[in-house]
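Lettered A, B, C and D in written order, each chain numbered from 1.
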Amino acid sequence: MNQQESGLSFERVVFFSDAVFAIVITLLVLEIKPPHLEELSNTNLNYALLGLLPKFIGFVISFMITGLMWIEHHRIFRYIRDYDAGLLWRNLVLLLCVSFVPFPTALFSEYYWSRTAFILYTASFGAAGLAKLWVWLYASGKGNLVGADVDKVIVKRISRRSLAVPLACGLAILFSLISLRLAPLGFALIPLIARLLDPTGRKAKRPALGISH
Amino acid sequence: MNQQESGLSFERVVFFSDAVFAIVITLLVLEIKPPHLEELSNTNLNYALLGLLPKFIGFVISFMITGLMWIEHHRIFRYIRDYDAGLLWRNLVLLLCVSFVPFPTALFSEYYWSRTAFILYTASFGAAGLAKLWVWLYASGKGNLVGADVDKVIVKRISRRSLAVPLACGLAILFSLISLRLAPLGFALIPLIARLLDPTGRKAKRPALGISH
Amino acid sequence: MNQQESGLSFERVVFFSDAVFAIVITLLVLEIKPPHLEELSNTNLNYALLGLLPKFIGFVISFMITGLMWIEHHRIFRYIRDYDAGLLWRNLVLLLCVSFVPFPTALFSEYYWSRTAFILYTASFGAAGLAKLWVWLYASGKGNLVGADVDKVIVKRISRRSLAVPLACGLAILFSLISLRLAPLGFALIPLIARLLDPTGRKAKRPALGISH
Amino acid sequence: MNQQESGLSFERVVFFSDAVFAIVITLLVLEIKPPHLEELSNTNLNYALLGLLPKFIGFVISFMITGLMWIEHHRIFRYIRDYDAGLLWRNLVLLLCVSFVPFPTALFSEYYWSRTAFILYTASFGAAGLAKLWVWLYASGKGNLVGADVDKVIVKRISRRSLAVPLACGLAILFSLISLRLAPLGFALIPLIARLLDPTGRKAKRPALGISH
């Protein structure tokens, strides 16, 4: 990077990403609107709130997954020391996927019986996972933006583990084509897939990698 | 923490939390929509605005409580020097509670006569208070993330005082089961409960702890 | 301030305030919704957009005033070196006023012929101005939070000039009681009032104070 | 700049701008609402989602252009070392243009057949481009806010290249007056215009300038 630049630059990239994650995660609740009761009574309100249950569940799931994606972003950017045009654009595509999340969340919360809604929802997280992998492969590979002091083993393990979420999303979509009830199984396989992709994970107990679990 | 990481990491956790608090606190006003008048006149607008009074009050109360929660978050993170996976996840659960606040605020502003709405509103703040306590107990206990130079007395006092808000919320919910009019009494007891939990508070006058009062 | 605290603390206060300002200023445009045409044609869209003109004007005015308030906040916090509970709470009240701005903006953009809407709009900015003055008087007075190296003359001049906006808002409200057409005159007097309150302003040309003009 | 100020000040300007960009870019998705089906079926949902295609496209285009504007803002602020009142106001005008983007995006996504909607959409980005040029010309010229160590050649090249987007927007608007189908050609000319304005760009391969491509 050019020496003429101020040190603020790289921080801005991280900061901007953080802000997008924070806004997305906070906008999710806006999809849940207070119910409109035809007849005002506490009992009616209770029933109306029960009817919102799929939205509450959708909110919590999307919040936690987006939070996990932030933690993953956080994790890879701890090792990245510099940036260039390639990283900025790849990161922007990742943020595009993240900022899209409120739409499939709203859609799936409303049409939770719909295969299309499920596939769009799952594909959004899968795409964000792939974009994250793209950022990391670029930064640790061609872009050469990872600190020279970072252990090559850590780099490889992050790459392999980053495949877990996209793979699980792909499986969930495949399962949903057979039966929508089978589909969540795909997500349940995430820990197993992560273990298969990174068999040394548990044993090594490196604190730097232990962060997501 | 691994020495290979940049110093940016911990700041990001704090920053991300701040952003979520700031967005929640600013979204609260969006629940108040300009009234739609059937007949346009200044008098009608005045009446319509008076009808929005519960929403204005709900906005101010939720704003101040969320602001207080931010100050409390601020307070505990002044003593936390490091983070790990456990802190990230607990903090994420705290942010989940915080980001949920706009929904019960909107609900309670509209159905202020409803016990259910009151309980959901109060429980949200109580849950956020418990999550904060959870973060603090982990950071100061098992996680061992608090600076070694931090006075053990301060650590204990923060833990005890953090119980005040969840306890008051619990009391307010209990009171509301008897009568909704009695319920705000629970909140009025916050200073008393805080005093009981931390009897040396006033006398000691430690600036670091004096921040929330 | 306690030496045990990390240096991150004060930055967080400033950061949190910045985020609230940024969110408010960006939410303003959400009040302008694309028109719904009964008959689709470019001519109809043109007329519908012309009908949105008061909303566009309201957006630009509120954006610039909120931006000015941010610059003013920025200006006083350049001299503040530390914080305590008193500052946090006063700053929170200032942010409450700022975060309220989207509501009167939406109201006044829709009911621009209404005295009530005008008064609420003007009073919001006046209240924010007073809250800012409150923050500054506390920080530079009792709170003793301003750097010891800051010129006392600058402190006094900021205090006096901070009165300009609340005074102008008060005048505009008074004028509006006579005639709504007269009311904007109050704002036109801001530069004059600022000059009267701080007669040495122009001549001195201190860069630090020149920031808002 | 006055020596009495804390170093936090300039960071705040950059931070505030970043936050506005991040919020705008994340709000864009809120314009896409889940469709309301009259008859609930997966097939109906598929058709309804297809009908949202112009909104999805509008979302992605506006996201990428706003992201590009952020990268450009990022780029010029890497060379700016200081700020004054002139920069703050010009930057605020730039942010005004940026924060307006969600409205023309929503309008154009809904009325994509309308010349007016296209012109407003294009003019918004053109205005933001001009405002960015205004910020840069001031900072690198009269304001004298660019680091003394920054190469004059870089300064000039940024100025010239900053004309590319406003010029392309102007061309696209001109083309749209002839035919709306011709209009996107204006944008397709951006790389060509950028090359004409900065013929040495590719060859020089200065990393600092290479960032946007």
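Rule of thumb we're sticking to: a contact is a pair of C-beta atoms (placed from the backbone, for glycine too) under 8 Å apart; a residue touches a chain by one contact, two chains touch by 3 or more.
Worth saying up front: this structure is predicted, and the values here are computed from it rather than measured.
Can we say the copies subunit A and subunit D touch using the same residue numbers, with more than half in common, or are the two sides different?
Different-residue interface.
Could you work out how far subunit C has to rotate to sit on subunit D, using CA atoms and steps of 5 degrees?
That pair's rotation angle lands at 90 degrees.
Mind checking the centre-to-centre distance between subunit B and subunit C? Centres are C-alpha means, answer in whole Å.
About 26 Å, centre to centre.
Going by the contact rule already set, what residues in subunit A reach two or more other chains?
15, 19, 23, 27, 30
Identify every two-chain combination in which the chains touch.
A-B, A-D, B-C, C-D
Mind pulling up the subunit B residues that touch subunit A in the complex?
For this pair, the touching residues of subunit B are 1-2, 4-6, 8-9, 12-13, 15-16, 19-20, 23-24, 27, 30, 84-85, 88, 92, 95-96, 99-100, 102-103, 106-107, 110-111, 113-117, 120.
Considering only the defined contacts, which subunit D positions touch subunit A in the complex?
Touch residues, subunit D against subunit A: 11, 14-15, 18-19, 21-23, 25-30, 32-34, 37, 40, 42, 45-46, 49, 59-60, 63-64, 67, 70-71, 74, 77-79, 81, 147, 149-151, 154, 206-208, 210-213.
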